[in-house]
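Structure below; questions to follow.
Naming follows writing order (A, B, C and D), and every chain is counted from residue 1.
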Amino acid sequence: METGLTTNLHLLTPEFALTALAFLVFTVDLFLPERSKEWLAGLAAASLLAVIAVALLMRPDQSAELYGGLMVVDGFGLFFKIFFCAIGLGIIALSVEYGRDRLQHRGEFYGLLLFSILGMNLLAMSRELLTAYISLELLSFSLYVLVAYGLREARSNEAGIKYIIIGVLSSAIMLYGLSNIYAALGTTYFTEIAADLAAPGDASPVLWVGIALLVVGLGFKLSAVPFHMWAPDAYEGAPLPVTAYLAIGSKAAAFALTLRLFAEAIVPAAARWDEWQLVIAVLAAITMLAGNLVALAQRNLKRLMAYSSIGHVGYALAGIAVLGSDFALAAKGVIFYLVVYAVTNLVVFAGITAYYNREGKDNIADLAGMADRQPFVAAAIAIGLFSLAGLPIFAGFTAKFYLFAAVADGGMLWLAGVAIFTSLVSLYYYLQVMRQMYIERPAHAEHNVAAHQEHAEHDNIHQHAAHDEPDPPIPPLQRPSILLTATMGIGLLVVVWLGIYPAPLLTLIETASAAILPLG
Amino acid sequence: MVPLLYFQLLGAALFGIGLYGALARRSAVLIILSIELMLNAVNINLIAAASYLNGIGRFAAFDGQIIAIFVITVAAAEVGLAFAIILRMYRNRGTINVDEINILKW
Amino acid sequence: MPLAFLIPVFSFAACPLIILFQRWLPLRGAPLAILAIAGGFVVWILATVGFLAASADHPACDVSPITHALTCHFTTTWFDAGVPSEIITDSIHLNWGMLIDPLTIVLLGLITFVALGVQLYSLEYMKGDPRFGWYYAWQALFVAAMLTLALADNFLLLYIAWELVGLCSYLLIGFWFENPGPREAAKKAFVVTRIGDVGLLVGILLLWVNVGSFSMTEAFAAAASGQLSDGVITASAILLLLGAMGKSAQFPFHVWLPDAMEGPTPVSALIHAATMVIAGVYLVARAYPIFAASPEALMVVASIGLVTALGAATIALVSTDLKRILAYSTVSHLGLMMLSLGALGWTAAVFHLMAHGFAKALLFLGAGSVMHGVGAHGDVDIRRVGGLRRAMPLTAAAFSIGALSLGGIPILSGFWSKDEILLAVSHNLPVIFIVLTMLTVFLSALYMARAMFVVFFGTQGEDSHHAHESPILMTGVLSILAVLAIGFGWIAFNWPGAFDGFGTFVFYDHAEGFHFNVVLGVLSILLAVGAFALAWLVYVRRTLSIQSWRARFAPVLRVVENRYYVDETYQWVIDRVVLTVSAALAFFDRAVVNDVGINGPADVVRKAGIALRLHVTGHVYTYALVVALGVIALAIFWWLRSV
Amino acid sequence: MMANFDQVSLLLLVLVPLAGAVLTMFLPKDRPRDAWQFAIFVAAISFVISVVVFLRYDYAAAGVQFQREYAWIGHPLNISLHLGLNGIGAPLVLLNGIVLLGAVLISQTITRRTRDFFVLLLALGAGVYGVFIVRDLFFLFFFYELAVLPMYLLIGVWGSSTDFGTFLRTKEYGAMKLMLVLVAGSVLIWIGILALYVASSQAGEPTFNIDKLAQLQQNGAVSRITELWVFPLFAVGFGILAGLWPFHTWSPDGHVAAPTGVSMLHAGVLMKLGAFGIIQVGMLLTPQGAEVWMPVLIGLGTVNVIYGAISALSQNDLKYVIGYSSVSHMGYVLMGIATLHPVGLAGAVLQMFSHGIMTALMFAMVGAIYERAHIRDSFILNGLIKRMGTTTFFFAIAGLASLGLPGLSGFIAEFMVFTGAFRTYLPLAVLGVIGAAITAVYILRLLARSFFGEADPQWEHLTDASPVEKGVGGAFVVILIAVGVWPAPLLNVINTGVASALSVF
C-alpha cells in the first residue's frame, strides 16, 4: 500500500506538465510587454496540445491506481483529460481576440485557465472524496477569478460575488456531507463506500444525509435545479469566453466526477439504489422543465444560453438516473451527450463572441439582421442552435436520440417523455434567436425590441412580403478573426459528422465507460 | 465518554447557525464569515469522528484530522479569494450590501 | 358493332386537338368536331345494322333474362383496386365496357343525329365568336360524354360520363361568362345537378356494397333474382332517381334548366333535346330492373314526374320569354317521361324521349333562328316580336311544326308518343293521375300554341321590323328536323313486312305492339285541338280577351309567374344558411381552434416561463435560501422513501 | 447495369438532393440565376432517379425491394440505415420527384438570398425522399425531422405577411406555428418509437428496424396495452402533419405565409409524410391499437372532409381556400387509411398522389397570380381569364380535379376511398360524398368570382404565366388526366403495398 505512493508516478506526467506550464505562463507573463501577450495564448495552447499528445500515448485499456487509490489513471480519465484539454483549446481560441480588446492581465487569464483544466483532469481521475473535493476547489477557484475578470465591469464583479458566495456555501454543504459519510463509514474511498453501502442492515441516517449533501454539492457544480440560481447571473456577468467555459468545461468536469462517483460508489450498492434513482430522476425532470421554461423569457443571449445549458444538464442527469439499469448504455449516452453538447456550445459561443467582438452587444434583439451582416457566423449559430434543439443531421439529434433511448430503456419512459417535450420548448426559444438573425431587420428590430420581448412573436405588426423591396442593405460587419472562423468551421464539421456518423466516437466512449463499469 | 452523537449534534448546530447567518446577513463579508462557521462545523464533525473510529481508515486514525487540515486550508484560500472579489466590488460600486448587488436578475 | 366505342372516341379525340391546335386549324377546328360527330353517326349506322343482324348466337350477345331484349356486351380491363388474395377478400375490378341493346341504339341515334344538326347549325349561329374554337371543343366533349353515358356497361363508367356531361353543360351554358347571367346559370346547373349526383354516387356504392360489383347486368340480375332486400332495392332506386332528377330537371331540381338557356341557343337545343336532360330519363330506363323491383320507387317516380309536368306546364303558360317557355315545356315533358316510366310505360317513355328530342331540337333551333333574325342575343320577349311569318317563313313553318307536334296534334309524332303515355298512365295508375295528366296535355298544347301564334302570327311586334330569314345552313337543319318531327311518330305502328313497330324493337320485359285507345285518343285530340283553337282566338283573332281572367286570378298568377318561389327558396337557403354556417365555422376555426387550441398552450408555456423567471431575484441570499430549501427537500424526500 | 443501379438507387435518391444542397452552398452568392439552374439540374436528376425507381419496382414480386442495409450504431441500439421501397412508398417517391422539380422550377421568382433558398429546398426534398424509403425507425424519424426543419426559414425569410383586416397573419407567426406544431407532433412520434424500442429490448432483441419490429409484434412481443396507447401517439403525431383535425390550422396559415415553391412542397408532399407514417409505422407496428382506434380516426377524417370544405367555402384569400381544401382532401386520405379496407387504403394512397399533384398545381398558379397582382383576395381579383388565360385553364383543371371530376385523378382516388368506407363505415362514407359536393360549390364560386367574369381594368396590366410556369402547369395537368383515365400503372404498385400493409391484421 505505501509503495503505491511512490511507484508509477510517471502516469501523472500530464498533470505535472500542466502544473509546470501553468506556472511557466505566469512567469513569462511578467516579462512580456502588454502588446505581445498573445504569445501567452499560443504558449497555453501549445502546452495543452502537449498534454493531449502525452495522454494519447497512454494505454486507455488498463487502469493503474496512484497514491494508494486516491486516484486512478484509466480509460475514463484519459478520455476526459483529452476532452478537457480540447475544450481548453477551444476556449483559448475564443479568448484571444476578446482578451486583446476587453481584458487586462491576460497572462493570469491563461494561467488560471490551465489551472482549472488541471483541476478538471484530477477530478476525472480522483477516486476519493477529499481528492475529488480538492480538485473541484482548484477548478472552482480559477473559475471564481475568471468570472470576475472584467475588473471594471459591475456585471462581472456582481457575477463573481454571487458565484463565489453560493459556491463556497455549497462547498461547505458538500464538505459537511463528506464529514458525515466519513463519520458513518470511516472511509472516503468510492469503492469502500460502495462496499459499505451494499452491506446488509440499514445504514444510519448520518450516512444518508451525507450522501444527500454530497449530491447537493454536485448539483451546484452541475447547476441542477434548485441549485442552479447562480448560473444565469454568472453566465451573464462573466466575460464571454468564460461564460463559454462555464457552460462547457465546468459542467463536463462535474459530470465526469458524478459519473465516476455514481459508478464506483453508488451503483454497485444496487440494493439501496432504486430510491436514489427516483431522486435523480425528479431532479432531472425539474431541471429540464425549469431551465427550458425560464429560457423562454430571456432577452440576453448569454443568459439564454445559461438557462438552455441548465436544460441540457437536465437531459444528462436523466441519463445518470438510469445508470442503475443498463449501465453501459446509459453511461455511453451521457458521455456522448456531453461531448456533443460541448462541441455544439463551443460553436454557438464562438459565433456569439465573433459578433460581440464587432458589435459589443449581447441581447437577442441585437442580433437582428445578422444573417446579412455576418452570414457565416449567423449560419454557425443557427446550426448550433438547431443541433442543441435536437434536429437532424446535426449531432444534437443523434445524441438526444441515443440518450433518450437509454433513459426509456432504463424503464423511465416518462422521463424521456418530459425530456422530449422540453426539447420542443427549447426549440421555441432557439427559433426566436434564429428569427432575429434571419428574419428581422435591424431597422425594425430597434423600435420593436419591446414588442418582441413582451408579446408573443406573432403580435408584432410589420409586414415585409417576399415581393416588396428588400430594405436598404445593411453594411456587413468586418469578418470574424481567423481563429474564431476556424473554431466555428471545425466545430461545424464535427457537429455534422457526429450527426451523420457517430460510430467512431461511440467506440472511444465505449472504452471510456468500460473503465468505470461497476463490477457489482 | 461523550458519545459521538453529541459532537455530531454540536456540529449540526454550528452548521445550522452558520447557514442561518449566510441567509440572514446582508453584508457580503458577514455572509462569507458565516459560511466559515459552517466549515468549522465540518471540522468538528471530522475530528470527532476520527477520534471515535480509530484504527479504521488508510492512515491509521488520522484520516479525519488530515481532511480537517485540508478543509481549513481551503477555507482560508476561499476567504482570501472572496474578500478580494468583494473588495473589487467595493471599489467599483461603493457597496458590499447584497441587497444592492442585483443588476443581474431574472 | 364491336367498334361502337368509336362513336364517342372520335369526339373525345376531337376536343383536345381543337384546344391545342385551334390557332392553326381552318375555322378554328370546327370541321374537326363536325367530322368527328359525323363519323360517330356513320359508325352508329353500321353498329345498328350489325345489331339488327346479330342474334343470340353472336359471341358477345345474348337475350337478357330480365329485359328479354337482345343485349351485346364488350369489355376490356380498366383497373383493379386491391388484388384478391388470401388476405384481401373484397376488391374491385373495373372495365371499360359497352352494353348495346335497343335502348342504347336508339339513344345513340338521337344523340349523334341531333348533335350533328346542332353543330352544323352553330357554324352559322356562332360565326365570329371570339371563342369559336373553344365552343366546338366543348361541343365535342359534351357529345362524347353523352355517348359514353349511353354506352356504359357499368355504373362507374356511367357516373364518369354523367359528371363529364355536367361539366360540359357548365362550360357551354357559361360560354359567355363575361356576363353575370351565363356565369351564374352555369354554376347553378353544375351545382344543382351535382347535388343530385351525390344521390347517384351513393346509390351506386350502395349497390356495390350489396352486389359486390359495378356491372349493371350483375346488379340487375341481383335485383331481379330477389337477392337484394326490398329495403336496399328501394333505397338504391330512390338514390339513383335523385341523380336522374338532377340531370332531368325534375322538381325540385328543375331550377337550373330554365336558366340554362343563358348559353348559346344551339347549346340549349342540344341540352334540351339530345344530351344532358335525357340522361336522367335514360338512367331510370336503363336501371329499370331495379325500379321495377320496387313498387314504392315506381310510385315516387310517377308522382315526381306528374308534379314536375304539371307545375312546369303552368309556368310555361305565363312566361313571356320564348326560350324560357321552351325550357319549361322541356321540364314538363321530361316530367311526362318520368311519369310514364313510373306507370310501367317504359316503351312509351323512350318513344316520347325520341319524339320530344327531335321536336324540341327543332323548336330551339327555330327560336335561335328567330333571335338570329331579330338580331337579339339572350332573351326574346314574345310580346315584343310578332307576325314574323312574313319575314322568316321557313323558320315559322319549322317552328310551327315543332309546336304542333309537341302540342299533340294528330299524325305528328308528338301525338303518338303522348298517346302511349296516357295509355300507360290510365292503365297502371290511380285515376287522379290520368286526370292531371290530361290537364297537363291541355296546358302544354296551350302554351305551345301561345308561343307559336304570338311570335309568328298576329300583329307585327316592334322588334321584328328588320327581321330577316336565317342563312340556308340553319334553315336546312330546321327542315330536316321538321321532317322528323312530323314523321318519326309513324314508326310507332307496324308497317307490315317492313318494320313491325317501335315497341317490338325497344321494349322492357315483353315486346309491345302498337295500341290505340279510342277514348283516350279522342280525348287528347279534343284537348289539343281545343287548346290551339283557344290560343288562336286569344292571340291571333283577339276575339276573346283574357284580361278579366288575369285580374281574377292575380294572386295565383303572381305565384305562378314567380315560378312558385322555388328559386327564391334556394337562394335564401344558400345565403342565409350555408354561407352563414360556413362563415361561422371559419371564424370558429380561427378564433377557437387556432387562437385558443393551438396558440393557447404555447402562450401558457411562455407565460409560465415569464412567471417562473421571477424566482431568480438577483439577491444572493435568496439563492442561498433556495439551495438550503433544496437540501431540506432532498432530505425529506429521502426520509419519506426510506421509512 | 440496371441491376447495379438498383443496388444504390435508393441511396442516390437521398444523396443527390443532399449533395446538391451542399454544393449549392458554395455557389457564388451574387448570382441567383446560377443557383436556380443548378437546383433545377439537381432536382431533374433526382426526378429521373425517382421515375426509374418507380418503373423498376416490380409489383409482381411485391414486398420491399431495392433493399440495402448499412450498419450505423451497433449494439445495444442496433440502428442501421436500412433502405427499402414498398408499394406504398414507390408512388410517393415518384410524387416527390415530380413536385420537387416543379417547385424548383417555379421558384425562379425568388430573388433574395436565392442560394440559401435552394439549399433549404433541396434539403427538404432529401428529407421527404428519405422518409419514403427507410425501413428503420431512427432514420425514418431522422428524415422526417429533416423534412420539417427547413420550413421555418423557408417561410420566415421568403414568405409574406398578410393583413386580413379583422386579423393578421405574419410570416413569422406562420413559420413559428408550423414549426412548433409539427415538432410537437414529432414529440409524440418520438415517444412512441422509444416505447416500441423498449418493448423490443425487453423481448431480448433491441432494434429500431421496422421489419424486425413488425416481426416481433407478430410474435406478440408488444403487449396489447402498449399498442393501445402507442398507436394514438403515432396517429396524432403523424396525423398532425397530415392536417388531422383539430391540429390542422398550421397548414392554411403556413400556406398563406409561404412562398409558392414551398407551398407546393408543403401541400404536395410534406403533408403526405404524415399519412405515410400512419400506414408505415402506426398500422404496421401497432395493428392491435390501430384496429381499436381506427373508428376514431375515420371519424376525425370525416370531420376533416366536411369541416375543411365548409371553412373553405367562406374564405376570400385564394391560398386559404386551397389550404382548407387540402385539409379537406387529406381527410379523404385519413378516411381511406382508417377503413383498413384494401380498396379504401389503396384509394387513400392514390389520393395522396393525386392530391399532391393537384394542390401543387393550384399553388403554382396562385403563385403566378400573386407574383403579378400582389394580392390573393378572390373578391378583388376579377376576370383573370382575360389576361391570364392559360393560368386560369390550369387552375380550373386542378380545381375540377379537386372537386372529384371523373376523368381526373382526384375522382378515382376519392371514389375508391368511398368504396372502402361504404363497406366499413357507411354513414361516414355518405358524409364524405356530401363533402365532395361542397367542394364543388367553393371551387366553382372561386372560379366564377375571380377567374371568369368581366375583365377588370385594374388587372389589365397582368401578364399570363411565364413559359416555365406554363411548362410545369401543363405537365401537371397531363399527369392529372393520365392518372384519371388510366390509374392502373399506379394502382398495380399500390395494390401490392396495400396487400402487405393489411397482411398484419
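Note that contacts are C-beta pairs under 8 Å (C-beta built on N, C-alpha and C of every residue); 3 or more make two chains touch, one makes a residue touch a chain.
Computed from a prediction, not measured in an experiment: that's the story for all the values here.
Novice: Pick the chain whose C-alpha centre of mass, unweighted, sits closest to the average of all protein C-alpha coordinates shown.
Specialist: Chain closest to the assembly's C-alpha mean: D.
Novice: For the interfaces B-C and A-B, which has the higher count of C-beta pairs in contact?
Specialist: Result of the comparison of B-C and A-B: A-B.
Novice: Find the chain most remote from chain A, comparing centres computed as mean CA coordinates.
Specialist: Farthest chain from chain A, going by C-alpha centroids: C.
Novice: Can you work out the whole-Å distance between the CA centroids of chain B and chain D?
Specialist: 64
Novice: Mind checking the centre-to-centre distance between chain B and chain C? Centres are C-alpha means, answer in whole Å.
Specialist: Each chain reduced to its C-alpha mean, chain B and chain C end up 97 Å apart.
Novice: Starting from the mean Cα coordinates of chain A and chain B, work out the distance between those two points in Å.
Specialist: Each chain reduced to its C-alpha mean, chain A and chain B end up 27 Å apart.
Novice: How big is the gap, in whole Å, between where the Cα atoms of chain C centre and where those of chain D centre?
Specialist: Computed value for the inter-centroid distance: 37 Å.
Novice: Can you tell me which residues of chain C touch two or more of the remaining chains?
Specialist: Touching at least two other chains: 599, 602, 613, 616, 618, 620, 624.
Novice: Two or more other chains touching the same residue: where does that happen in chain B?
Specialist: 22, 28, 31, 98, 101-106
Novice: Touching at least two other chains at once: which residues of chain D meet that condition?
Specialist: In chain D, 177, 180 touch at least two other chains.
Novice: Give the pairs of chains that touch; include all such pairs.
Specialist: So the chains that touch one another pair up as A-B, A-C, A-D, B-C, C-D.
Novice: Taking the complex as given, what residues does chain D use to touch chain C?
Specialist: Chain D reaches chain C through residues 167, 177, 180-181, 246-250, 253, 307, 310-311, 313-315, 341-343, 346-347, 383, 385, 400, 405-407, 411-412, 415-416, 418-419, 422-423, 426, 429-430, 433-434, 436-437, 440-441, 444-445, 448, 452-455, 486-488, 491-492, 495-496, 498-499, 502-503.
Novice: Can you tell me which positions in chain A touch chain C when the two form their complex?
Specialist: 161-162, 165-166, 169-170, 173, 202, 205, 208-209, 212-213, 215-216, 219-220, 226-227, 229-230, 232-233, 275, 278-279, 282, 290, 293-298, 425, 428, 456, 458
Novice: If you look only at chain B, which of its residues touch chain C in the complex?
Specialist: Residues in contact with chain C: 19, 22-26, 28, 31, 98-99, 101-106.
Novice: Within the complex, which stretch of chain A touches chain B?
Specialist: For chain A paired with chain B, touching residues are 1, 68-69, 130, 133-134, 137, 141, 144-145, 148, 151-152, 154-155, 157-162, 164-165, 168-169, 171-173, 175-176, 178-180, 182-183, 186-189, 206, 232-233, 236-237, 297.
Novice: List the residues on chain C that touch chain B in their complex, please.
Specialist: 613-614, 616-621, 624-625, 628
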